[in-house]
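Below, each structure is written out as structure tokens.
What follows is chain A paired twice: with chain B in the first complex and chain C in the second.
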Partner chain A sequence: MTAILTNLFDGVAYGMLLFVLACGLAVTLGLMNFVNLAHGAFAMTGGYVCMVLVNRMGWPFFAALPLAFVSAAAIGIALERTLYRHLYTRSHLDQVLFTIGLTFMSVAAVDYIQGSSRVFINLPDALQGQFDLFGVGIGRYRLMIIVICGLLTVGLQMVLAKTRFGSRLRAAVDDPRAASGLGINVPQVFAFTFAFGCGLAGLGGALSAEILGLDPYFPLKFMIYFLIVVTVGGSSSITGPFLASLLLGIGDVAGKYYVPKMGPFVIYTMMIVILIWRPNGLFGRTAAR
Partner chain B sequence: MSTSSDVGYHAQHKARWHYGEVAFWLVVLACGFLFPSRYLIMTDILRLALFTMSLDLILGYAGIVSLGHAAFFGVGAYAAGLLALHGIVGEPVLALIVAGLAAMVLGFATSFLVIRGVDLTRLMVTLGIALLLEALAERFSNITGGTDGLQGIEMQPIFGQIPFDMFGKTGFFYSLAVLFLLFLFARRVVHSPFGLSLRAIKNNPLRAAAIGIPVDRRLVAIYTLAAFYAGIAGALFTQTTAIASLDVFAFERSADLMLVLVIGGTGYLYGGLIGAVVFRMLQELFSTITPQYWQFWIGLVLVVIVLVGRERLHRWVLYLPNLIIRQVAGRKAVVAVPESDA
Partner chain C sequence: MFERHKHTHKYSWAAVVAAVAGLAAVASARAEDSVKVGLILPMTGGQASTGKQIENAIKLYMQQKGDTVAGKKVEIILKDDAAIPDKTKTAAQELIVNDKVNFIAGFGVTPAALAAAPLATQAKIPEVVMAAGTSIITERSPYIVRTSFTLAQSSTIIGDWAVKNGIKKVATLTSDYAPGNDALNFFKQHFTAGGGEVVEEVKTPLANPDFAPFLQRMKDAKPDAIFVFVPAGQGGNFMKQYAERGLDKAGIKVIGPGDVTDDDLLNNMGDAVLGTVTAHLYSAAHPSQMNKDFVAAYKKAFGNRPGFMAVSGYDGIHLIYEALKKTNGDTDGTKLVEAMKGQKWESPRGPISIDPETRDIVQNIYIRKVEKVDGELYNVEFATFEAVKDLGKTKK
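This part shows the complex of A and B:
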């Protein structure tokens, strides 16, 4: 029984992490209808920035996390303004090719700068080890992830639902033409959202170094996971991707624990079945465009 | 001239063999005799060309974007390897066909999943199928040899007459023959009314359905055919290199394949062949400059191609040949890439 609960806990932490990593992609892919396979590269950037700051320059871990966010967001907005912008109206094939190219470049570049082996971030002592809560082993680091990611999720939902920017974004997504007719600067809203999503990915990358492992092949290895979250979750709200990431996290951890030999088989089968059953995602609705 | 006969005239005109095409194949054949020390890489190019042609059939002609075409390549590779290893079908040509059919069955079964949904769903499903097969191959390592791959494959002579030699001469001409035969068939298919209906579907599925083309059935058919081609390419890989390992299913293989096709141009059969040559040359060049980081430059090529625009790029490349042709024959541009957008 406690093993089940521990697995559940780990699965939730894993799922939350996936959500933070992938929710930027939910915006670009689901809302802006842009296939960004290079999303993992932004996550990797954040992870490596955090690693360099903490390990080489001796920054405290919690001070390095915001910087991981900022650096990934800065790179995101620079690329959006210079390159991505031109591809919004192009075919999906062009977008796929372009972002695969970017992914390859990022993999080789990080390999060149930092070497190809897996890197670890030195964690403060307070985050290491685990404690027992009613007999259930709770990892401190995972608990922290759940807290941070939970707060982020609530915050995102609030921003989307309550603020002026949230309503602008929703309007821009529902009907870009009508939105710009109402005086909303749609490209600006998209650029800001894109950068924010990249920043979140960077933060997720920094947090995930401990759990998912961080090496130059990160963008390729986890690309499919991000895509699963978005396509299975649908894109009409952030609740869909959130539930999908939890499902994926719990399913993956449980799958690895109970049927280790089947490996990732369970996840891929689940994804294909769900996509066949509901092409717009479990919680999706028919896209506006 | 009425519109319908006009369309028919153009279709027939395009289906005719041009001198350029004959020259192209003669050059390819001549390469086999001119560079006897380069058989291995040339065989590699031929295999890649066949594999790319397979993707072109579904991407360039039917407009199905696939990120998991390596699935069929892998099935073909493992089928050929297992057939040879266990001596079930010893004769290479027969084994090649059997391996192709195995991939074809998989293609037929999965085509129903792929034709559902839009681009994004297709991307995910094709990618998922390839990853699924990779996971399966890893799981059943007692059959596939796991990460070590199938080892100790001994190829029997072709038709029981021509043995594979260690310089790869037999492998090259064998691959060339297979490629040429399959090319002839693909050429026939894409210029047939069936091929024309595929183009109609690619341009506008709704309109194609409205004029009476059974869209889903056509897509299933071409997807199955493409799977057969990819399976043959995979089987050729195993037969000429005598290994089959897990990386036949790898995502990089599918991604590289798209790059090859895009370099060559989608929507005409020579695109795959030219793309394969250029891609391998680029790869050789980059890996001599930076052995470990050639992927960076490949990525850069992709990004530049997309940013410049594929159509514009092909126009630039064809500028000089067209100029010469115009000077010599006094006609308007003869060489052109038909509808390279997908």
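This part shows the complex of A and C:
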């Protein structure tokens, strides 16, 4: 019984991490209808910024996390203003080619600046190790991930559903022409949303260094996981990717624990089954765009 | 518009002609008195640290010993294969056909070394393997000579050592690809032959993001130790999660071939790695004077510690130099391979030689424990198994 709970806990933590990493992509892909394969590059940026601040400049870990968010968001908005916005109206193939090129450039740049070895972020002692809760091993770091990501998810959902900005964004997505006719500054809304998504990825990158490992190939290695989350979850809201992340995280951990020989296939098998059952993802729109 | 186009065309043709003429002149001048070594390494991609170390070590060797041997100037032509066998093959072809190299060398991973093997046989030039560690490699061409190691060497030794040192139950965690399977099989053979028991066996996918579920399974199996082989680079992640999950506190030790505590990454792994016992060919803390000088020179030149890949590259280029000395600068590939067989020398890792039968390396395997030396983490050697041959050859 405790084994089940420990696995559940690990799975939820892993899923939450996937969600923070991928939900920016769900926003750009689903809400803005832009295929951004360079999403992982922003995550990597956040991870490396956090690493440099903590390891080389002696910042406390929790002070560096917001900076990881801000720096990835800043780079995101700079690129959005200069490069991305020219591609909003282009075909998906152009977008894919452009963003995959950007990914390769980011890989080469980080490799050049920081070297190709894996890096780790020095964690405070309070976040290391495990403690026992009724016999269930709870990793401190993973618990922190669950708390941070859980709060973020609730916050995001509130912003999208309840605030003025959220309704502007949804309006801009549903019908950009009508929205701008109503006086909504659509490019600005998109730019802000894009930057926020990048910032979330940056935060995710910083959080994931400990668990997934951080090296210059991060954007390529995890691109597939981000895409799985978005396809399985459907990209019309953030609830979909959230549930998909949890499902895949728990499925992956449980699969590797109970059937280690099949471990790596579980996540893909789940994806295939779900997509056969619901081709547009768990919460996809019935009319695919 | 057209005018300009024509012009650039003309210029570019002139440039091409000049360049080709220049190249031809240079080539003919060099052909007589130079020896070319085509170095194929992963300089990008996940194995890039391997390539970097070998390249550095070769640079260092050539700085120390000069670039002329037996009256010939040694020229290194480096190609990046990103550890993708298709690219290795193309690179080897280009080097052999266009650059007319006398040696091909490097090879970060087993599939890369295997991809180049038929080309070495056809071209009759030595293939010096400086990294890849699967046993079968040297059997794939009579022109392959290896200066790195085989996984059988360290895995059998750690298996023998473990049973004799009170480790009875072991759970294994190995990466699911050829070297991982080699490591697992040879360890199992020797460990169970000595009376040990493997209670849990897990193979992790090569691209494995998270060890958590596998480690939880290990923990629940309550072994005395975990035998681990993961490719260089993943070792850090593994050790961190091992500590996070409290396996160290549960009294479960980590043993394995030395890849998991590669000097390249060891110092960043944190104190959780303290006490890990591995069997391997090289530690930057090897106490010989030669190694101290090597480590100091390497650190001075490149700013970090050499790992076992660096020392394999250093010995690889040494072997090429020695072979040329023995043939008096004759670059006939068959003679060079003959000259390499049976070579014996003192390397920073200790005494080593090339087995004349298998063309594979014979070396000491050291049992080491991770300890803190002057505030840095090192693999400190405490037992030596001398002149270990590769035990993994399929008998012919």
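Note that the second predicted complex is superposed on the first by the 284 of 289 C-alpha atoms of A that agree within 3 Å, B and C clash if a C-alpha of one lies under 4 Å from a C-alpha of the other, contacts with A are read in each partner's own complex, and residues count from 1 in each chain.
Everything that follows uses one rule, which is that contacts are C-beta pairs under 8 Å (C-beta built on N, C-alpha and C of every residue); 3 or more make two chains touch, one makes a residue touch a chain.
None of these values were measured; they are calculated from a predicted model.
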item: Which of chain B and chain C A:Leu133 touches, first, second, both or neither; value: neither
item: Which of chain B and chain C A:Pro279 touches, first, second, both or neither; value: first
item: Touching partner for A:His86 - first (chain B), second (chain C), both, neither; value: first
item: Which of chain B and chain C A:Ser117 touches, first, second, both or neither; value: second
item: Chain B versus chain C as contact partner of A:Lys261, first or second or both or neither; value: both
item: Touching partner for A:Met271 - first (chain B), second (chain C), both, neither; value: first
item: Touching partner for A:Thr231 - first (chain B), second (chain C), both, neither; value: first
item: Partner chain(s) touched by A:Glu210 [first = chain B, second = chain C, both, neither]; value: second
item: Contacts of A:Phe104 with chain B and chain C, given as first, second, both or neither; value: first
item: Chain B/chain C common contact set on chain A; value: 108, 111, 261, 263-264
item: Residue ranges of chain C touching chain A (in the complex, touch as defined); value: 44-46, 48-49, 52, 202-205, 207-210, 212-214, 216-217, 220, 233-234, 236-237, 240-241, 243-246, 264-265, 268-270
item: Residues on chain B engaged by chain A in the complex (per definition of touch); value: 59, 65, 67, 113, 116-121, 123-125, 127-129, 131-132, 135-136, 138-139, 251-252, 255, 258-259, 262, 292-296, 298-303, 305-307, 310, 341-342
item: Complex contacts: residues of chain A adjacent to chain C; value: 3, 6-7, 10, 14, 108, 111, 115-120, 128-130, 137, 139, 141, 210-213, 215, 217, 221-222, 225, 252-257, 260-261, 263-264
item: List of chain A residues in touch with chain B within their complex; value: 29, 35, 83, 86-87, 90-94, 96-98, 100-109, 111-112, 220, 223-224, 227-228, 231, 261-265, 268-269, 271-272, 275-276, 279
